[in-house]
Amino acid sequence: MSAAATHGAREPEGYTRQEMMAIATGREIKDREIAIFGVGLSMLAGFFAQAHHAPNVRAMTEGGVFGSSPVGGLPWGIECNRISTNATSFTSALDALGCLVGSGRCDVGIIGAAQVDKFGNVNTTGIWDGEIGPTYRAPKTRLTGAGGANDIACGAKRYLIMVAHEPKRFTEKVTYISSPGYLEGGNARARFGFVGGGPSAIVTTLGILRPDPVSKEFALDGWYEFSSADEVVAATGWPLKVRPGAGIVPPPTAGELVSLRRVDETGALRKR
Amino acid sequence: MSAAATHGAREPEGYTRQEMMAIATGREIKDREIAIFGVGLSMLAGFFAQAHHAPNVRAMTEGGVFGSSPVGGLPWGIECNRISTNATSFTSALDALGCLVGSGRCDVGIIGAAQVDKFGNVNTTGIWDGEIGPTYRAPKTRLTGAGGANDIACGAKRYLIMVAHEPKRFTEKVTYISSPGYLEGGNARARFGFVGGGPSAIVTTLGILRPDPVSKEFALDGWYEFSSADEVVAATGWPLKVRPGAGIVPPPTAGELVSLRRVDETGALRKR
Amino acid sequence: MPDHKLISLSDAVRRFARDGMIYASGAALPIGSDAIVFGREMVRQGVRDLHTIFHCNTQQLNLLAANGNATRAECGFSGLEVFGFANGLRRAVETGTMALEDYSNLSIPLRYLGGALNWPFVPATVNIGSDLQDRSAFAPQENPSRSKIAMVTDPFTGRQIGAFRPLQPDVAAIHVTFADPMGNAIMLGTEWSRFELSRAAKRVVLIADAIVDPACIRQYPNLVRIPELVVEAVVYWPFGAWPASSPGMYDVDEEHMRAMNTALGTAEGTADYVRDYVSSWHDIDSWLAMIGHDRLAKLEASTTSFLADPYRKWILTAAEVAAIQAEGGLS
Amino acid sequence: MPDHKLISLSDAVRRFARDGMIYASGAALPIGSDAIVFGREMVRQGVRDLHTIFHCNTQQLNLLAANGNATRAECGFSGLEVFGFANGLRRAVETGTMALEDYSNLSIPLRYLGGALNWPFVPATVNIGSDLQDRSAFAPQENPSRSKIAMVTDPFTGRQIGAFRPLQPDVAAIHVTFADPMGNAIMLGTEWSRFELSRAAKRVVLIADAIVDPACIRQYPNLVRIPELVVEAVVYWPFGAWPASSPGMYDVDEEHMRAMNTALGTAEGTADYVRDYVSSWHDIDSWLAMIGHDRLAKLEASTTSFLADPYRKWILTAAEVAAIQAEGGLS
């Protein structure tokens, strides 16, 4: 995910782009919320929030690991021993993703994306050469599939998409919708009766995009001290609008960096 | 359930009518079967079978108590401590009645009845003065409701009905179907796609009734050494047919009585 | 977020119980793990017009029905197992003071599951084809009823099956063996439908026989089938299921089961029962004294006691629980 | 009924695996509790044309796909979490040797639940409205597909929701931490979907890290989420999930996870992997020797070890297990 550097952006000093993305994501999580984090970046962002400003966030994993925080570094996986060491409850995927997420009870989820489009639809399934066409065919490059992200996208009250900001990832329309954002925009989600509210932000290595309240098209809401509106627009594969009032997202505070790095024990986000 | 005595029948010697009914029911259970027993009489009949001729019967309760046999006497209830003392697994009603019974996986269940009709439909819900009528109304005498018996009646491969043989209990048509037998007879169950096969026998304090293979009407298949075909017919509220080959059900063997009384530690079945 | 969720029984009822609410409990078979002490307190505080959901009737529903606190009930089973018919419930149903909607012991947990998953309906392959489907005490004019258990077409085969209405009770009082002060809970014995109910209900109040140190929870996370995330409050109340049993902790009180059921058979008996066993205590000590210490000792001498042994070293004393409860907690 | 259900790994595959069967496993997230040793043995015995169901891909499916044993797969997730894309699966999908039908991490357990309950369909409020519904690798001409995830009308409100097809796999190999010789099993760590799968599958084979005395089972019946009633056979195989982790028993082998995934990225690498790690051992001792005793000791030094402590006193030695296995058993 270091490809953002290829757009000629400055590197920040004293922290990395990945750290900025994790912190910006974590800021979206409020204290006391019920939250579900995936593995990797999203888990770091979530546990950063817990360590920093949301000590009472009630986090669970897709596998139904409750009350836990990672021990010994970033977990290798959701059911990993690093997150099984200090749990208060182990249940199941049906419980976590069904009773607590699919039900609409979970306040916030964090998911990743290989591709995301202007309505926040996410593709994590594959990369095709062109459109798939009327007959389904295997992708040229097979990715990981939907995992729990589809369930979070349908059920969580809101969710955050974390993604490295590169033009090939930000596309007018994703080839395959693994996890629904606002579909064709507007009220399209209502057709399927999703209990979840949809994506509230796309947080990237260059800035933060938020949906228009009516059209649901994502527009630029903020960039970082090391990036710019022009740079974000250039790195986005659709004509990105800039929201009124958009501006610079505050850089990490010293306290935020300390909290994040305590969680990111093995320095996964510090690798440039 | 001692009302059978009012029909002028002889009392057996050396055992009670209730014991005969429990033994006759238990004989219907084969070794290695997956079985579900309710509380009270049906549990005694089931555990008698396990103690006597079906040591590897795999019994569970409606609450998902597995691998257990009662300790200290007849359990007070399905979740009772007397059956929780030596269990190998405790799960849930959804598991036992759903995954193992409603699914069609359970071989045999035993249920009781306040009223049963000629197609093996069971009423355990209430006694009304006459028909209920087009508008539902509370019964004159409220009984216990369906419990798990409806689920057993719909899902178990076959089930046994245990009931004291009295005319008021054996009626042409039950007022309320709590647990479906063969409904209006013939193929009527197929309308609802029940995975279970229906009642294979009605075992009473006077004899054993079995369904006609086609019409599904229950007819007399056997009586006990202390009863008679005439007595059973007289105690039945519909014109009871007698199956070809019907005859005397063998009385309890000494071994059967020993096994039953080991299970019926508190002598619940010996009270006349 | 509070640093603990311990709350007194009277505060729990004051905080969570409302006239007319949909209240679920008795989340065990009739004889075990009845959160009845919550029902006793609702009687004390005069909560009215309850729409109750009891997977099986228990002495709690028997009392709420007998005393007129419950005007509606939905049950899978409405007896008292070997203790016979539930006389209070029976009287309320037969006299028309409580409407009883009949389901089965599988359909109630399926409806909780559907509520937990927030489904609009739950597939039904049981209860259909019987009067459990065709008759409705809540919609008595319907004959056959289809608003209670509807029919739905399987889109894969065209086959018709039934559809249950999911349940999302306003409040559930759930009896558990152990809870930590935050509400992480361990049940011994069958769960019956307590897992599903804990996710289906909008608010969950635990009634715990004992409070354990959180270290117990972290040693046995696979036993913690109810995590604090779904729990609003924890009431520490020893023998809270009495006269029902709590596997590992105490046996059923056979004598009181019978005496109570006899009393609830009449209005006078019910008034006497309320006077003697509902209004006669004001805290845990007077509650235990009312049951009687000899009797408690006898009930505790259960053959299931060994089931609780692994956890005993973490059980907090009543004084320790009171000390935690006195500080912080729910705002 | 046998007096135990212990069986060797090779006998288990010989007895239960069939070409073309619907095989479910990987009943945990990619990194944990993978019953992969059953998959290794299927590769040894050349089981072909498997239709696999993996809630999540694991190294087991990665191997079965890379080596050509699986021609169909249904998954909720098909990566390896922090170990990246699953190269063997990826190669099989991209070259068309394995058709991969995509679901999500909730829809697979819901489909197991539907299979366990023997429902004709399962209500779907997720996966609808996305290409998980509209595109089908098993019915590629359908656009949008409705044979994979259909639509059904809620009879209570008229609202349209989705409908999943239930799963009833022919055989499931399920990894558990402890089992007694009859097949009563305890899992430490998240169950993921092992509970639902154990009821949905027609035949269940347990792969147990350790065999415990039945006294352990009777002490902790609430932990026994898989009772023997649903189990056909028990395979004792220490480190059976390696290189995945087993909470309480051992950590993930990070180095082997990466090396294995690299190897499975090519046909040559896969052949080498099979030679070195699938065909190179013939019993438990040679299996453990292959992994290496230093490495085993390192993996066993898990921060989760305390989770297994309450049960260690009941763990049978390899010799004790072998002695039981030698007598009686499955006929």
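Residue numbering begins at 1 within each chain, and the chains themselves are lettered A, B, C and D in the order written.
Basically, contacts are C-beta pairs under 8 Å (C-beta built on N, C-alpha and C of every residue); 3 or more make two chains touch, one makes a residue touch a chain.
Treat the numbers as computed from the prediction; the structure is a model and nothing was measured.
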Common touching chains of chain D and chain B: C
Averaged-CA centre spacing for the pair chain D and chain A, given as whole angstrom: 29
Centre-of-Cα separation between chain C and chain A, whole angstrom: 40
Euclidean distance of C-alpha centroids - chain A vs chain B, Å: 58
Junction residues of chain C, two or more chains touched: 117-118, 125, 159, 161, 188-189, 191, 221-222, 307
Touching two or more other chains - residues of chain B: 84, 90-91, 98, 102, 195
Contact graph of the chains (line, ring, star, complete, other): other
Chains touching one another, given as label pairs in label order: A-C, A-D, B-C, B-D, C-D
Chain D-facing residues of chain A, complex: 39-40, 61-65, 71-72, 74-82, 84-85, 90-94, 97-98, 101-102, 121, 125, 132, 134-151, 153-155, 176-180, 183, 189, 191-195
Sites on chain C touched by chain B in the complex: 28-33, 55-56, 75-83, 85, 89-90, 93-94, 96, 99-100, 102-110, 113, 125-132, 135-137, 140-143, 145, 159-161, 188-193, 195-196, 245, 247, 251-252, 254, 257, 302-304, 307
Partner chain C, residues of chain D touching it in the complex: 114, 117-123, 125, 146-147, 150-157, 159, 161, 163, 165, 186-189, 191, 219-223, 306-307, 310
For the chain D and chain B complex, residues of the former touching the latter: 1, 116-118, 180, 182, 184, 199, 214, 217-218, 221-222, 224-230
Residues of chain B that touch chain D when the two form their complex: 31-32, 34, 55-56, 58, 60, 66-67, 84, 86-91, 95, 98-100, 102-105, 195
